[in-house]
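One chain, chain A, links the two complexes that follow: it is found with chain B in the first and with chain C in the second.
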Partner chain A sequence: MNVSDLDDADLARRLRQGCLFLETGPFISRIQTSIESVQAGIALLYAGFPVHDNAPFADFHVALTRPAGLRRWFRPQVNFLFDGWTPFKPLPLEQAFAMFEWGMNWCVVNHAHKYLVLHAAVVEKGGRALIMPAPPGAGKSTLCAALVASGWRLLSDELAIISPDSGQLLPLPRPVGLKNASIDVIRTRYPDIAIGQEALDTAKGTVAHMKPPGDSVASQQLMAMPGWVLFPRYREGSALALEPFSRAATLSRLVGNAFNFTVLGRPAFECLSRLVDDSGCYSLEYSSLDEALERLDKLEVSAS
Partner chain B sequence: MRKTVWCVASDARLHWREWDGEVVLFHENSGNIHHLNLFAATAIRQLLEAPADSETLTERTASKLDLPVDDEARDGIEQLLTRLKTLGIARVAPS
Partner chain C sequence: MNGGCDSILRALADPGLLLSMDLSDWDLFIRQARRANLLSRFAVMLRDQGRLQSVPARVRVHLESECALADQQKRVVEWEIGCIRQALDAIDVPLVLLKGAAYVAAALPAAHGRRFSDVDILVPRARLAEVEQALFLHGWFSEKQDAYDQKYYRKWMHEIPPLRHNQRRTVIDVHHAIVPRTMRLHPDPDKLMTSTRAVDEDERLRVLSPADMVLHSAAHLFLDGEYSNALRDLVDMDQLVRYFACQEEFWDVLLERSIELELDGPLYYTIHYLRKLLGTPVPGQLVERLDGRPAGGLPRRWLMPLFDRAVIAHHPSCSDHLAGIARWMLYVRGHYLRMPLYLLVPHLLRKSLRAPSGEA
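What follows is the complex of A and B.
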């Protein structure tokens, strides 16, 4: 049973009662909220994800609530709760769905130490994963959204989840976070793709989330072997430049983008070293999404 | 005056990966990695083989890489040893 199999009333009831067990990639989250914008966001953007009745175990128990008090009436806010406590300060109520997404990322980053977790977008074609670590503002999510809208499978726009034992990447194909100008870029290029409500004036500017493709969600248990590590950088007016990147520097950067490298220690070092061994390593500077997509498709053909 | 002899810290757990003359060193004790050029990596490997004072280490490293033993090499070794001491990877050998 998927989210889309629930009618609005049933979904709202489950969320209100805290009995929506949502399966995203390797994780099951128990979600509770009465906030309508979060309910609407889940209905739209998580439509294809499985839900479980009375799951015996949930990895994360999360809730989004409105703080009590006068503020509730003149400047409403939202709290994110994990196991009943609030790891963050409250945000304006209009940012509730964005807070849900950030909170879900936080859960994985801080608790999923069975896996090596990197800050990177991951897409897949032909069974090989393209891993794109990049700092904020580098155009990672925009490129990721365009790639999945062009036929690549989404594994994640934000978190590369790697099994330290097998070196394979686990999908976590949750909605793709878009910021500021990239929202209209993707909306204009791909008018058929659903994008959720915009949250204005967040710490990251205007934020909206793109619905992940159904195929990516349906194959969220299908892992991928590493194929390429790509460091993308959007620079307005620049010519397309795809250059080989030093493997040693690639390993250093991957470690720098790992959330739990020091938690896992040597297995993480060995895992990332193998990943670099098995991958083509590149930097990409681009200003035209069309050119970048075309070049990366050729990369896929020439490397396989 | 007796020269200072350096060695790799006996409890240092070091793991290496090398590609195209560049080395990534993982210092398991601290959890840190270090991206090294071939000169620094060779010097550390020489120090692992046997403790040495800085002049001897410069000579052994330069010889391994077929480089001249000059002021640039000496400065490089001095700076490397200071840095390795700070990182807990190398220390002064007990007399």
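What follows is the complex of A and C.
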């Protein structure tokens, strides 16, 4: 049973009563909220994800609630609760769905140290993963959204989850976060793809989330071997430039992008060394999405 | 009363019980243990016993995650101890580790899977300025720059404001006593200092004597106002006394020392809850002698119903409708014990007025 199999009233009831068990990648989250914008966001953007009736075990127990008191009426706010505890300060109510997404990322980053978790977008084609670590503003999410809209499979737009034992990447194909100008870029290029409500004036500017492709969600249990590590950078007016990037520098940048490198220690270093050895490593500067997509489609599997 | 937390307490007494739990038992257990800051202890215990593979796969992922965090913290603390040692090398001052860092340095069972957020050290009050200067030269800064905060710590507390390392972001709490200077009880820091033990061939790296280690943890638990780690602290003390009990006359020394340091009150409650919640073996004679000591402060029958609700995992499933008010009353008690009213009232007023614009 998927989210789309529940009618709006049933989904809203499950969320209100805190018995929506949502399966995203390797995790099952139990979600509680009476906030309508979050209910609507889940209905639209999580349509293809499996739900469980009364799962006996949930990895994360999360809730989004409105603080009581004056804040009910005056500049209403929203809190993210992890099993009844609030790890963050409240945000304006209009940002509730964005807070849900950030909170779900926080759950993984803080509790999934069985895996090595990098801050990177990951897409896949032909069984090989393209890993794109990048600082905010480099155009990582835009490129990721465009790649999955044109046939690549989405593993994640934020979190590369790597099993240190097998070196494989685990998909977590939750909605793709788009910021500021990239929201319109993607909306204009791909008018058929659903994008959720915009949240204005967040810490990251205007934020909206893109619905992940159904195929990516349906194959969310299918892991992928690393294929390429790419450091993308959008620069207005630049000519397309795909350059090989040194393996040593790639390794060092991946370490810097890992959330839990020091938690895992040696296994993390060995895992990333193997990953870099097995991958083609590149930097990409682009201004035209079309050119970038065309070039990335021709990437060949590294022969090392 | 603590019906909901039974599974944590039973598992502490008999870890084998964990292996017969089904997924829904685990679901609640993980949440309670995580809230009590005890999940990594259970995870490391199961791993050390080679029983992790017998746990359902969905649960094992979380336990392995906790093991990784616990291992990292042990590495970090050992590294930090080395760095602090190096920083204090030049000024030849004894470095006494407290709490978690001490358990790690002395390789005590209480260190297994224990989580902590900072390294606590005790130095002679007369050497405080030198110590702070030496740590400063090695990258540790006080983050609280506010003049009132600085005064609050330096004039009234038993520690200077926390120092954070400018690169590694780790935190040291530098103590010169184990309770605030403004408290009515005065466990003499010199007495603690003179009984410390070296942990290895370097005589300067030290930990408190066994009895003092227990009493420090007891004082911290039952005189403070913050009880969110109370069960974790009680588990620490359970591990400490079980380990030290094999030393000759440990219990007699503990009782005499508690009277000498004016900490027999906290020890009374510690022993009460160790026996009640964790089934810690304690000689009957010690219990009787502690029972016979005057209570001092508030009558025990008033405090017990409050502690009953504080010394458990602070998870909704473990709390009754009075838990919130009980913990609040203990918070107030903690402040009242900390400072006389003529200091406390202006302090709280100042804090409450400043909160909206300040750090709140």
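Heads up, the rule we're going with is that the second predicted complex is superposed on the first by the 299 of 304 C-alpha atoms of A that agree within 3 Å, B and C clash if a C-alpha of one lies under 4 Å from a C-alpha of the other, contacts with A are read in each partner's own complex, and residues count from 1 in each chain.
In the analysis below, a residue touches a chain if its C-beta (ideal position, glycine included) is under 8 Å from a C-beta of that chain, and two chains touch if they have at least 3 such contacts.
For clarity, every value in this text was computed on a predicted model and none was experimentally measured.
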item	value
Partner chain in contact with A:122 - chain B first, chain C second, else both or neither	neither
First, second, both or neither for A:273, with chain B first and chain C second	first
Winner by number of chain A residues touched, once chain B and chain C are compared	C
Contacts of A:262 with chain B and chain C, given as first, second, both or neither	both
Touching partner for A:99 - first (chain B), second (chain C), both, neither	neither
Contacts of A:155 with chain B and chain C, given as first, second, both or neither	neither
A:58 touches, of chain B and chain C: first, second, both or neither?	second
Touched partner set for A:113, first chain B, second chain C, both or neither	second
Which superposed partner A:83 touches (first chain B, second chain C, both, neither)	second
Contact residues of chain A, present in both the chain B and the chain C interface	262, 265
Complex contact set, residues of chain A against chain C	26, 28, 56-59, 61, 83-85, 111-114, 260, 262-265
Chain B partner contacts - residues on chain A that touch it in the complex	246-249, 251-252, 255, 261-262, 265-266, 269-270, 273, 276
Touch list for chain B against partner chain A, complex	13, 15, 17-20, 22-24, 26, 28, 31, 33, 35
List of chain C residues in touch with chain A within their complex	22-24, 26-27, 31, 34-35, 56, 58-59, 61-62, 64-66, 68-69, 71-72, 75-76, 315-316
